[in-house]
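Listed below are the structures to be examined.
Each of the two complexes below includes chain A, the first together with chain B, the second together with chain C.
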Partner chain A sequence: MDAIYVENLVKKYQNGMQALNGVSLTVKEGEIFSLLGENGAGKSTLINILTTYLRPTSGTISVFGKDIHNEAAVIRSGIACVAQRTSIDTHLSLTENMMFQSKLYKIPKTEAKDRMEILISCFGLERYLKYPVSSYSGGVKRRLDIALNMMSNPKILFLDEPTVGMDVQSRMAMWEMMKKIRSDFGTTIFLTTHYLEEAESLSDTICIMKDGKEVLQGTPHTLRQYLQQNILKITFADKGAAKIGLKQIAKFFSGRKVVLHEEHLSVCCENSQVDLKQAGHLLFEQNIAFMGIEILQPSLEDVFIRLTSRGVS
Partner chain B sequence: MESTNKYFFKDMSVMFGRSMRHIFRSMDTIITVSITPIAFMLLFVYVFGGAIETGTENYIDYLLPGIMLMTIGSGIAYVAYRLFMDKQRGILERFHSMPIARSTVLWGHVLTSLISNGISIVVIILVALLMGFRSSAGILEWLAVFGILGVFTLALTWVAVIAGLAAKTPDGAGAFAYPIIFLPFVSSAFVPTDTMPSAVRVFAEKQPVTPIVEAIRNLLSNQPVGSEIWTALAWCIVIIVVAYIFAMRIYKKL
Partner chain C sequence: MSIFPILWRNVKWRYHNAFTIVITILQPMLWLLLYSAVAGQSMKGVGIENYTAFILPGLIVLVCFSACCSGGIMNYLMKADGSFFRVLIAPVQRSSIVIGQILEAVLCTFIEVVIMFVVSLFFSVKIASGFMGLVLIVFLIFMTAFFISGLAYAISLSLPNEVVYETVMSAIILPVFFLSTALFPVDTLTGGLKIAVNLNPFTHVINALRALILDGNIAQSDIIFVIILLAVLCCISFSWALHSLKKEMNL
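Our next item is the complex of A and B:
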C-alpha cells in the first residue's frame, strides 16, 4: 500500500496566492521521500496539508488508504510532524516534553516510559537529561524534537527542512539519525529540503517541485539519468592552453554548449563515445596538448538546475 | 472528529498541566501577578491611605476589590504572552497535527488563567487579612465574590486570547493588558468617584470596573447589593461572548 497518495492537489490562500497548482505524488511505505524545491515552490504548504494543519482547496489525498478529508483524526494518530521551527517546550524538562507528547497520543504511562528510554538512548540524549532544555544547542533541541515526535511510534514522520541552519557535522549526524529511524522503527520519512546532497544521500525517492507542481519524481539514479546528457570534460595544463583548446573545440562542436572553467572545458554531449573519440582526434590533429579527457554523468544538481530553471513539458 | 472530541477533557487537563508548570517555573510571572499587587496594596494602605477619605473605617476594606481586579489584569497579560509564544515557536502547529480536539489548546490556557488567577486572589486576600482586612460576609457572599471574579477573569482571558493569537511580537501580546490594569484607577476602586471632575466621573461610573468593584465591596461588607451586580455580570457576559467569537474566528484561520 502507498503511504501517501496525492493527486491534482490545489491550494489557493485567501489572499489569492496559489501555493499548489495541481501537484501529484506517491510515497511508498517505509521509504525516505525527499521533496526538493526552491523557496516558494510550495513544499511547506504541501507538508502542512499532509499533516492536516491546512485544508486543501481541491484534490485527492489519502494516507495509508484513508481519505484526509473524512478521516483526518485517524490519520493524525498515525503521523508526526517536525516543523521547521523547533517546537519543544523549554519550560519542561527533556522527559516531561516526551511524556507530554505521549499523553496527547493517549499512550499508557508504562508503555510511554519504556518507549521514552529507547528513544533517549537511540537519539543519544542520555547525557542531556540533567540539564534544562533551554540550555541545549540547536542541534540537540532538533534531536529532542524528533525524538518526542517518535513517542507515538508514527507510521509517517514529516520533517520540514530538518537540517536547515545546521553545520556540516550536525547535518551528517542528522542524516544518520533519519536512516536509523527508518531501519529501527520502519517509519516512512517524508522530508522537505533544498539541500541537493541531502536528498541524494538519504532518499529512496526524490520529487522536484516548482511553482506548486511536481516536475519530476524518481530515485536519485533515475533523476540523474533523466537528462541523458553527459558532459565531456577536457583538462588542459593551464588557462592559456584551455583558451587555445576552446577555439578549436567550439568550432568543431558548433551549435553545442562549450564552457570554459579555468583550465578545463565542458562540452554537452550528443553521443558521448563518439564525441570523446572526435574531440581526442581533433586535439591530436591540431597538436593541442591536454592533460585528460573524460565523460561525466550529470549530477543531481545539474538535473535540479535544469528542471527548476527551464521547466519540463 | 468524534474520536478527538471524546478526549476533550483529558486533553484539556494535559494542556492545563503544561501551562500551570510554565507559571510555577517562571519567576517573573509570580512576581508580576502576586508580588506587584501586594506592593500596590502596601503602597495604597500605608502611604496614600491616610489621606484618602472613603467613608470606611479601614481603607483596606475599601481598596481590596480594586486590587483584586488589578491582579487579574496582570495575570491575563501572561495568557496572551504564553499563547503568542506557542504560536511563534511552532507549538500550535505541532498540536494541530495531533489527534486532539483543536480547541483544547485554547481551553487549556483559559483554564490555567482561571485557576492561577484564583490562586493569586487567595494570596492577596491572605496578605490583606494580615494587613487588617476584615469581612462580615458569609459563605454565600464569598462564593458570589469568587463567582463574579471568575466571570470577570473569563471575560478578560478571552480578550487576552485574541491578543495572543493576533499579536506580531511578544511585547504586542502583553501590551493590551496595560489599559485593563489601569482601568481600576479611573473607577471607584481606590477613591470614591464623587471627588473626580465631571467628565472623568461619568467615565468612571459607566465603565465596567466600577459596578464590579461596587458589587464585590458590598458583598464583602455584607451590604445589600443593588442592580450593580447584574450590570457587572452583563458587562462580563457580553465581553465573553464577543471575545470568544472573535478568538475562535482568528484561531480557525491559523
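Our next item is the complex of A and C:
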C-alpha cells in the first residue's frame, strides 16, 4: 500500500491565491521522499494539507489508504510534522516537551519514558538536558523538534525544509539523522527542500514541483540526466561580444539549449569536459574575445529550464 | 480526554511567568486597598457599613477580566514560539484544546480571587450567607471566569497581534466595569444610565455576589436567573472560541 496517494490536488486560499494546481504524487511506504521546489512553489501548502492542518479545495488524498476528509482523526495519530518554524514550548524543559507530545498522542507513560530515552540518545541530546530550552541554539532546537515528533512513533514524519539556513556540516548531520530515522524506526519520511544536492543524496524518490504543480517524479537515478547535467558558462567582456559569441556557439552546439544572460552564455552540457574543450577551441579559432569559461553545477532554475525545453511531462 | 495535557502545559507557563499573576491582580488590589481606606468613611453616610465588602464583588469581576485576558495572550505566545500549530495536527479534540486553555485562566482567576478574599478579611469582610453561600460564590466566579476566558480566547484568535488585543480588551473592560454596580448601588441611578447598567450582565453577577457576601439571603429566583444568564453566556463564548480555533485551519 502507498503511504501517501495524492491525485489532482487543488488548493485555493481564501484570499484567492491558488497555491496548488492539480498536484498528483505517490509516496511509497518506508522511503525518503523529497519534494523539491523553489520558494513559493507550494511545498508548505502541500505539507499543511497532508498533515490535516489545511483543507484542500478539491482532489483526492489518502494516507495509508484512509481518506483525509473522512478519517482525519485516524490519520493524525499516525503522522507527525516538523514545521518550517520550530514549535517547541520554551517554558517547558526538554523532557517535558517530549512528554507533552506523548500525552497528546495518548502514549502510556512508561512506554513514553522508554521511548524518550532512546530518542534522546539517538539524537545526541543528553548534554542539553540540564539547560533550559530557551537557551538552545537553532540547530539543537530543530533536533529536539524532530526528536519530540518521533515520540508518538509516527508512520510518516513530515519535515518542512529541515535544513534551511544551516551550514554545510549541520546539513550533513541532518541527512544522517534522517537516514537513521528511516533505518532505526522504519519511518516513512516526507521532506521538502529547495536544495538540489540534498534531494539527490538523501532521497529514494524526488518530486520536482513548480508553481503548484509537480513537474517530474522519479528516483535520483532516473532524474540524474536532469539533475547532474552540468552547464558551461562563458563570460564575455560586454553584451555586444556576448551576442557575437551566441551566434557561433549556437551554431556549433546546434540542438542544445543555449541561453544568453547579459554578458554571459550558458550551454547545457552533454559531456562537460569535451564541451569545454570544444567551446574554448572554437572561440580561439574564430578570434572571439571572452573573459572566462567554466563548468557549473546546475541550479534548480537550470533544471526547470531544461525540463521545460525538452517538453518532459 | 486531552484537556489535561493542555491544562498542564498552560499551568507550567503560568508557573514560569508568575509575575503575570502579580500584574493582573495589582490593579484590583489597589482599588480594594484605596477605596477601603479613602472611601470607606464617606460611604458610611450613604448607609453602606463595610465599603470593602461592598466593592469586593465588583473587584472580583475585575480580577476575572484581567486574569482571563492574560489567557488570550498565551495564544500569541504559543503561536510565535510554542506548540500551537503542533497541537492542531495532533489527535486531540478541538474542544479539549479550548477547554484546557480556558480552565487554566479559570484556575489563575481563583488563585487571585482567594488572595483578594484573604486581604479583605483584614477589612472585616465576612461571607454572611455561610458555607452554602460560599459554594454559590465559587460557582458564580467559575462561570464568570469561564465566560470571560472563552471570550478572550476567541478575541485573541481574531486579532492580528498582542498590541491590538491588549488595546481592544482594555477598551472593553473599563466601560463594562464602570457601567455596572461595581462601585455604587443601582438605585442611585436614573434614566438611560440605569438601563445601560441593567443590560450589563456583570451587574447581575455583582449583585448576586454582593447579596451573598453582605446580606446573607438572596431570592432564589435571582440566583437562578444569574446562573441561567451565565450558562447561556458561557455556551456562547465557548462556541465562539471553538469556532475561532477551527477557523485557524480554514485558510
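By our rule, the second predicted complex is superposed on the first by the 225 of 313 C-alpha atoms of A that agree within 3 Å, B and C clash if a C-alpha of one lies under 4 Å from a C-alpha of the other, contacts with A are read in each partner's own complex, and residues count from 1 in each chain.
Here, a contact is a pair of C-beta atoms (placed from the backbone, for glycine too) under 8 Å apart; a residue touches a chain by one contact, two chains touch by 3 or more.
Remember, it's a predicted structure, so these values are computed and weren't measured experimentally.
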{"item": "Clash-or-fit label for the pair chain B, chain C on chain A", "value": "clash"}
{"item": "Which of chain B and chain C A:Val168 touches, first, second, both or neither", "value": "neither"}
{"item": "First, second, both or neither for A:Glu96, with chain B first and chain C second", "value": "both"}
{"item": "Touching partner for A:Arg76 - first (chain B), second (chain C), both, neither", "value": "both"}
{"item": "Partner chain in contact with A:Tyr13 - chain B first, chain C second, else both or neither", "value": "second"}
{"item": "Partner chain(s) touched by A:Gln84 [first = chain B, second = chain C, both, neither]", "value": "first"}
{"item": "First (chain B), second (chain C), both or neither touched by A:Met1", "value": "neither"}
{"item": "Touching partner for A:Arg55 - first (chain B), second (chain C), both, neither", "value": "second"}
{"item": "Footprint overlap on chain A, comparing chain B with chain C", "value": "51-53, 73, 76-77, 79-81, 83, 87, 89, 91-92, 96, 100, 103-106, 149"}
{"item": "Residues of chain C defined as touching chain A within the complex", "value": "2, 4-5, 8-9, 12-13, 16-17, 78, 81-92, 249-251"}
{"item": "Contacting residues of chain A [partner chain C, same complex]", "value": "13-14, 51-55, 73, 76-77, 79-81, 83, 87-92, 96, 100-101, 103-106, 149"}
{"item": "Residue ranges of chain B touching chain A (in the complex, touch as defined)", "value": "1-4, 7, 10-11, 14, 18, 21-22, 25-26, 89-91, 93-100"}
{"item": "Partner chain B, residues of chain A touching it in the complex", "value": "48, 51-53, 72-74, 76-77, 79-81, 83-87, 89, 91-92, 96, 100, 103-106, 149, 158"}
